[in-house]
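Per-chain numbering from 1; labels A, B, C, D, E and F assigned in written order.
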Amino acid sequence: MESQIILLIFILVLSIFLGVELITKVPSTLHTPLMSGANAISGITLVGAILSSGSSEIVTIILGTSAVFFASINVVGGYLVTNRMLGMFKKK
Amino acid sequence: MQIFFPKEEDQEIRTTILPEVAKKFVDLGLEVVIEEGLGSSVFIEDDLYSEVGAIISDSRDTAFNSADIVCRINKPYKEEIANLKKKSIHISFLDPFNESDLVKEFANQEVSAISMELVPRITRAQKMDALSSQANLAGYAAVVEASRTINKSFPMMMTAAGTISPSRVFVIGVGVAGLQAIATAKRLGARVEAFDTRPVVEEQVKSLGAKFVKIDIGETEETDQGYAKELTEEQIKMQQEGMKKICSQSDVVITTAQVFGRPAPRIVTNEMVQAMQPGSVIVDMAVSTGGNVEGSKADEYVFENGVTIIGMSNLPGEVAKDASQVYGANLFNMIEEYWDLENKVLNFDLTDDVLKGCVITHEGKVVNELVKDRM
Amino acid sequence: MDISILVNLTYIAASILFIVGLKMLGSPDTARQGNLLSASGMLLAVVITLLDQNIIDYRFIAGALLAGGIVGYFAATKVQMTSMPEMVAIFNGFGGIASLLVGSAEYVVSPLNNPALMGAIYLTVLIGGLTFTGSLIAYGKLSEVISGKPFLYKGQQFVNGLLLLTILLVGVNMIFVQGMISPNETLILLISLAFILGILFVIPIGGADMPVVIALLNSFSGLAACAAGFVITNNVLIVAGALVGASGLILTNIMCKAMNRSLANVLFSGFGAVSDSDTERSEEQGEVSPISAQDAYLILEAASSVLIVPGYGMAVAQAQHAVRELGELLEANGAEVKYAIHPVAGRMPGHMNVLLAEANVSYDVLVEPEDVNPIMETVDVCMVIGANDVVNPDAKENEGSPIYGMPIIEVDNSKTVFVLKRSMASGFAGIQNPLFFKSNTRMLFGDAKETVSTLVSEFKG
Amino acid sequence: MQIFFPKEEDQEIRTTILPEVAKKFVDLGLEVVIEEGLGSSVFIEDDLYSEVGAIISDSRDTAFNSADIVCRINKPYKEEIANLKKKSIHISFLDPFNESDLVKEFANQEVSAISMELVPRITRAQKMDALSSQANLAGYAAVVEASRTINKSFPMMMTAAGTISPSRVFVIGVGVAGLQAIATAKRLGARVEAFDTRPVVEEQVKSLGAKFVKIDIGETEETDQGYAKELTEEQIKMQQEGMKKICSQSDVVITTAQVFGRPAPRIVTNEMVQAMQPGSVIVDMAVSTGGNVEGSKADEYVFENGVTIIGMSNLPGEVAKDASQVYGANLFNMIEEYWDLENKVLNFDLTDDVLKGCVITHEGKVVNELVKDRM
Amino acid sequence: MDISILVNLTYIAASILFIVGLKMLGSPDTARQGNLLSASGMLLAVVITLLDQNIIDYRFIAGALLAGGIVGYFAATKVQMTSMPEMVAIFNGFGGIASLLVGSAEYVVSPLNNPALMGAIYLTVLIGGLTFTGSLIAYGKLSEVISGKPFLYKGQQFVNGLLLLTILLVGVNMIFVQGMISPNETLILLISLAFILGILFVIPIGGADMPVVIALLNSFSGLAACAAGFVITNNVLIVAGALVGASGLILTNIMCKAMNRSLANVLFSGFGAVSDSDTERSEEQGEVSPISAQDAYLILEAASSVLIVPGYGMAVAQAQHAVRELGELLEANGAEVKYAIHPVAGRMPGHMNVLLAEANVSYDVLVEPEDVNPIMETVDVCMVIGANDVVNPDAKENEGSPIYGMPIIEVDNSKTVFVLKRSMASGFAGIQNPLFFKSNTRMLFGDAKETVSTLVSEFKG
Amino acid sequence: MESQIILLIFILVLSIFLGVELITKVPSTLHTPLMSGANAISGITLVGAILSSGSSEIVTIILGTSAVFFASINVVGGYLVTNRMLGMFKKK
């Protein structure tokens, strides 16, 4: 267990560095779509929600299911909205 | 309403309007009459005027008598004024501060005389400002004249047979004409320096890529229209002292210094001329208001110890065609500004800033305050 | 092969898609594909998760997924273009509450004596909760349900301090001490505190700064997901959450820089409070919108007709060479470029001509106001370079103005106007210029030569 | 060794050397003699020459007789040659293809005559190439002259009184003079177009920012020295056809076309002149070799239907001081190149490419092949 | 706390230091600190590893560490500056052999029936071995122990194919099948094959390309360490190794680009073989050294006196405006900038004067050859912009040359000469220019305007 | 064990991406020092070598110890050489 947490922390650290490196010079017209796109990714908590709601405890199921609901709004809406925004950038 | 453009005297190379501008007057609804041969000095035949709808008149006096507006470049003879129709309008350069007789005659005749040199220097009136439009071309012509006269090339040339050094041009007085002179000399490749008593000018000189010469002459002032105020005796001395060295190193000196309503300041003394290199050239652009240069004579090339002093009083005439074009445009812009399209009359509103500035006589009276003060 | 290995390998694949997608979102040419990539990563992760053998009942999951998906779909497609930022805010809030719920769900079934797990749950709930309410407030401010004004009150700092302290104590209790209050109470307390924190965090910030706040909250919701990943030991949550957390923070910072402010300044100073005098003046004249050269570049890059209006400032800055170069680059980029020369621009007749000829601008591209004013509506961008009086709309609109009646270059009729000058100072005529306050005007402050040079280097990439 | 610089005739404004160059000759170890008043046309007094070590001679004939080298700008009178010392060297422009008599006289007198126009156009000889150094200044002067003469401004000016359109300048023949004319007109702000039969010129014209006019006249050639070869009758026709329209739209036409060793081609016909706008100006820079323009006359302003045709044969004289400076430098560079510092004599090596090109007579014989062929 | 947690946390810290260090190494201002950071990461990792409780005997370790450290120290400090690239090659080889040894050591003690482990060991040994011999060959070529010429022979491809196939078979045997040959034999066979592969991989590549090869081998040694990390399940090895592996690959690519070649071209084509005719010509005239604008920028940036020598090419390219701008930037950067104008530069007397005046270059900074030739030794950089004949040293050195005797601008006496032109074409006089082949000359190929503009944007950063 | 390998692969993937992102635009004067610095980092195998040589098997110890020897040359030499190279870049 502990060795696993160490590895997870490793992963966390690497991801953070990667996140920082990925975003460098972004033109400000892209700020909003980028924010929105990142927001959609943060809907990954949906995976966690699914896992939670698959439990057998009733409280967990309720909580998990509502989590699934909210998270899927975030994911579906987030990606669609981003896509719409980016649609405006099509070249002349 | 009839507008008449008499031919200028023979020594004037410019003409009052070109056919293109005449057409605009016609389009405004005016009856345009021109004197025979009006454009001959700029190679424009009468046909071209009649093509755009102007009437060619071979009798100057008749035309004077019937015209509601008479437009010309230079001031009229006194006798001609007597010929003018009552309540008509006469537009031209007038030199009203020095020509009191003419002014009185206009008043007597009940002619409304507009003096082009008194169009105020406000942003709105720029399109009617013939002083500027002519000074601009004069500045250009002064440099062309100087480059023609001097026995050197303006630009630097590094060649197989050695380096030809650039001419040094010194522009004194950086108003409209001075700025254009700087620009033209710079373009031709000369090293250009300039001086003016008004400190705001420094930035303007630099904006043309030339060098501003700093001479400390104490406080100076400008009027609200941007004209320079006269210097004190002492300041003039300081200025001359500061300029002597620069003049002696310059191949070309161009002076444009004017003070509104006064004789031009005497800036370049004979001593300074003596100090210059033989072969160098001075263009005195203020020669007609008294001259900035000691010894300059109107419409003459004076040779003084190897230095040529050019005193052309009609520099815009050197580019007569363009000068005529812009002068005509100034006239047109002025008349159009006050033209009542419906009633086909001029709105003579003497409370208007521009008219208040440039109308000298109206309804038998001298109405211009400045002129009245000086009479 | 063990299904869990498959699941995990798929998570790796999904993470790669997120990484590449995020990278591609940062550049205009690839942003759209980037979003698609990241979306497919998400689909992959969700589908593979559903294969998980520990899931007992799919019904609720399927239902919730479907419901959420439908709501999200309609919200996203029906919203007005202009309200998209609000939408993002609210989506983000939902992400936060989802993390909070996951954390809570696990809390209910987990042993309490595992500090690492408790710590993770604590963070998940706290960050998720604050993201949720914070986003809601941001939504409110943007959609003007709540006043956009920064909300400031006396003792604010004290209240905030107290709140943070309480939260800290609850955390200590939850992770290490245990049992001071019952687990359920702890959870409810924590959730409430997180909610309050979110509200108090966002409410003092002005509406104009909301985009930055949303970016920050977005970063938080990533962190919440990341924390949730630790709670259920799931890599893809950790990776994706951390990516969003970190990149969101960087993005927040970039956005602050674009506004020429620091993050601290955005978060902790009521905008209006800083510059009282400014506000007063702008109430008279309207507001001035400055723009950065980089953003101006993006607009120019997309423009298909550009009108350059030089004035005395171009001469002072001696920017003519740089301007010519910019003009050439714009043309190479497919735009039609003209120079509108006002008869009295500069300080002598033909001043602009002299400079532009020096810089080798062909006479053919110079136009006069009469020619260009009638077609001004078709011009995408007017670049006013150091001109002022000659583009002053007062000359046609304001009878009292000393320049009333002078023909001007009517740049205000074009789609976008950039005004390049150093300050709000007036020109030769010494009068204020209402052009600067129009809604389609952007001020590009700075020396004209430097600004144009920056634009040139932007074009050269 | 004595070197003598006689004063030029009165109509020549240039002078052979300036004091700075005279000093260089003195430093080389030559005995420099100048005729009284040598520099007066460019405002240089004899003192300045004596200051650098030159001897002022008031007897031209004596000096001719004793000098080992005589340098001047223009060709001598036949009688003067008889005065020269045997085996002396005479350097000047000579026009040897047309002045067979002079050449024969030089041979008779056993004087080694060097013709400045025959200095070959090779990189090494550029510093001695007076044709280039003078043509360069002539190109500049031609534009200054045209700008002085025309009644328009060269640059465009957009002003409150309307837009003054730029002058259109058309340069025909883009050798050294043509290029400088283009550069100068461009500088002044004119719209410049140019044409030449040699296709390599196109890139050169563009390198000055002007427009090259393409006229299809079939194959053309240039010599290995870069001179143009003569066109066929038919080609000339094609060229005239192509140019007519451009001329009629131009305000200024400057022609510089030359063909080495032949009369200048007639390019602008009377018909073309008629088609031009009244008031426009033509500068025929080839007027002294026969003229490119029908009706042009050497040293006259011809007015033809409102068009001024300027035919100045001595354009470099307009910038006499610079022209004198570079001409003197050319002379100096030539003498220095062949000067034996130890023995203080000239190395007269007729196998040398440059001397082979420009020495016409030597030791009593006409040695130049080209000249011999034409006699 | 469990010591292994401490160890692992320290590894995380070390990894962070490597990441940051590597990042900082990529920029001139921070490179040195970057190297220090990464070194301290290494120290941290080594020290904490020594605390491992499973280590039985420290004596050997300490001895080997000390010995290796001393050798490394002396090798690094005593080596001549010019031989540093060789040194890097050999160090890299040692890293490879170390990984190979670690892999072998684990192989000896590991159960054979764990395919994942076997796979890791296989990769470790293979990559480590090939890195080792490859680096040795690269060292040999750089230090000219081995001929720098690309070594090509008939049937090369066939031999290589056979080798790779054998290696593959050994791998299959080792990971999946087991027992076709004994473990020891397998190991020895694998090591030999890896060694041979390394040799055959590098030997065909020309000496000039060695830097790229070393960068690639460096990337390999990172991968070997990474594989070793999998063998002994150690994160820091995986992270550091993968970082180096990936960044090394990118760096290799960047280096290829700077040479205007593709990696494939470097690896698989004998350099000489491609351009036989080129080699011939350059044997006559010496070799031309091109330089990229970026590198030229770095040299200019450090120069304190710059002489610009314009010629006809500047006029053709109409580069005068860009040149002026570059001159201004150089001055702003603290360099003294002059323009040397040759009397016959261009195609008419004063041609350069016209152009430079148009671009607003002040007359004061124009100098003539006579003035500048005597002090040419003190000039750091001469920029020859589209000039050719006027800087041709043949005019003073080669009596047979048609331009012999013409005074020239003796740029070849300055410290560095950049020649900006489009090709190796000759100028007006139609003759070759030996300047281009001098050792202090660098050719900046391309249209002069574009090249200068690139330099300008480099300066603007 | 397997879950650990998964995590290690995760780490591997992230590190590779990070490695790629870290090196973007490097001026070519820095190519050699950067290569050399990266080379020193690749000496991290030293850690593995230490762990190997701490074993009780004699073959392992021998192999491990030689590995330590070579790796430490790489590490010490690598960092020092890099440092020397970078020393030449000091600003005027």
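Points to keep in mind about this one:
The criterion applied here is as follows: contacts are C-beta pairs under 8 Å (C-beta built on N, C-alpha and C of every residue); 3 or more make two chains touch, one makes a residue touch a chain.
In this text, all values refer to a predicted model and were calculated from it rather than measured experimentally.
The minimal number of chain-to-chain contact steps leading from chain A to chain F is 1. Where touching is counted per the definition, the chains common to chain A and chain E are C, F.
In summary, the chains found to touch both chain D and chain E are B, C.
Chain centres here are C-alpha means, and the one lying farthest from chain D is A. Most remote from chain B, judged by the distance between CA-atom centroids, is F. Between B-C and B-E, more C-beta contact pairs join the chains of B-C.
Residues touching across the chain B-chain D interface largely coincide between the two copies, over half of the numbers being common to both.
Chain geometry summary: the mean Cα position of chain C and that of chain D are 69 Å apart. Chain centres here are Cα means. That of chain C falls 40 Å from that of chain F. In this assembly, the C-alpha centroid of chain A lies 75 Å from the C-alpha centroid of chain B. Multi-chain contact residues, meaning those touching two or more other chains, occur in chain C at positions 19, 23, 235, 239, 318, 343-344, 349-350, 354, 357-358, 360. Residue positions of chain A with contacts to 2 or more other chains are 3-4, 7-8, 10-11, 14-15, 17-18, 21-22.
Residues of chain B in contact with at least two other chains: 126-127, 132-133, 136, 155, 157, 159-162, 164, 187, 189, 209. Chain pairs that touch, as defined above: A-C, A-E, A-F, B-C, B-D, B-E, C-D, C-E, C-F, D-E, E-F.
Those residues of chain F whose C-beta lies close enough to touch chain E in the complex are 4-5, 8, 11-12, 15-20, 22-57, 59-61, 63-89, 92.
Taken in their complex, chain E has these residues touching chain F: 18-19, 21-23, 25-28, 31-32, 34-36, 38-39, 41-42, 45-46, 49-50, 52, 54-58, 60-61, 63-65, 67-69, 71-73, 75-77, 79, 81, 84-85, 87-88, 91-92, 94-95, 97-99, 101-102, 104-106, 108-109, 116, 211, 214-215, 218-219, 221-222, 224-226, 228-251, 254-255, 258, 292, 294-295, 298, 302, 304. Within the complex, the chain F residues that touch chain A are 3-4, 7-8, 10-11, 14-15, 17-18, 21-22. The touching residues of chain E, when paired with chain D in their complex, are 312, 315-316, 318, 343-344, 346-351, 354-355, 357-358, 389, 402-406, 428-429.
Put simply, chain D touches chain B in their complex at residues 13, 42-44, 126-127, 129-130, 132-133, 136-137, 140, 144-145, 147-148, 150-153, 155, 157, 159-162, 164, 184, 187-189, 277-279, 306, 318-322, 325-327, 329-330, 333.
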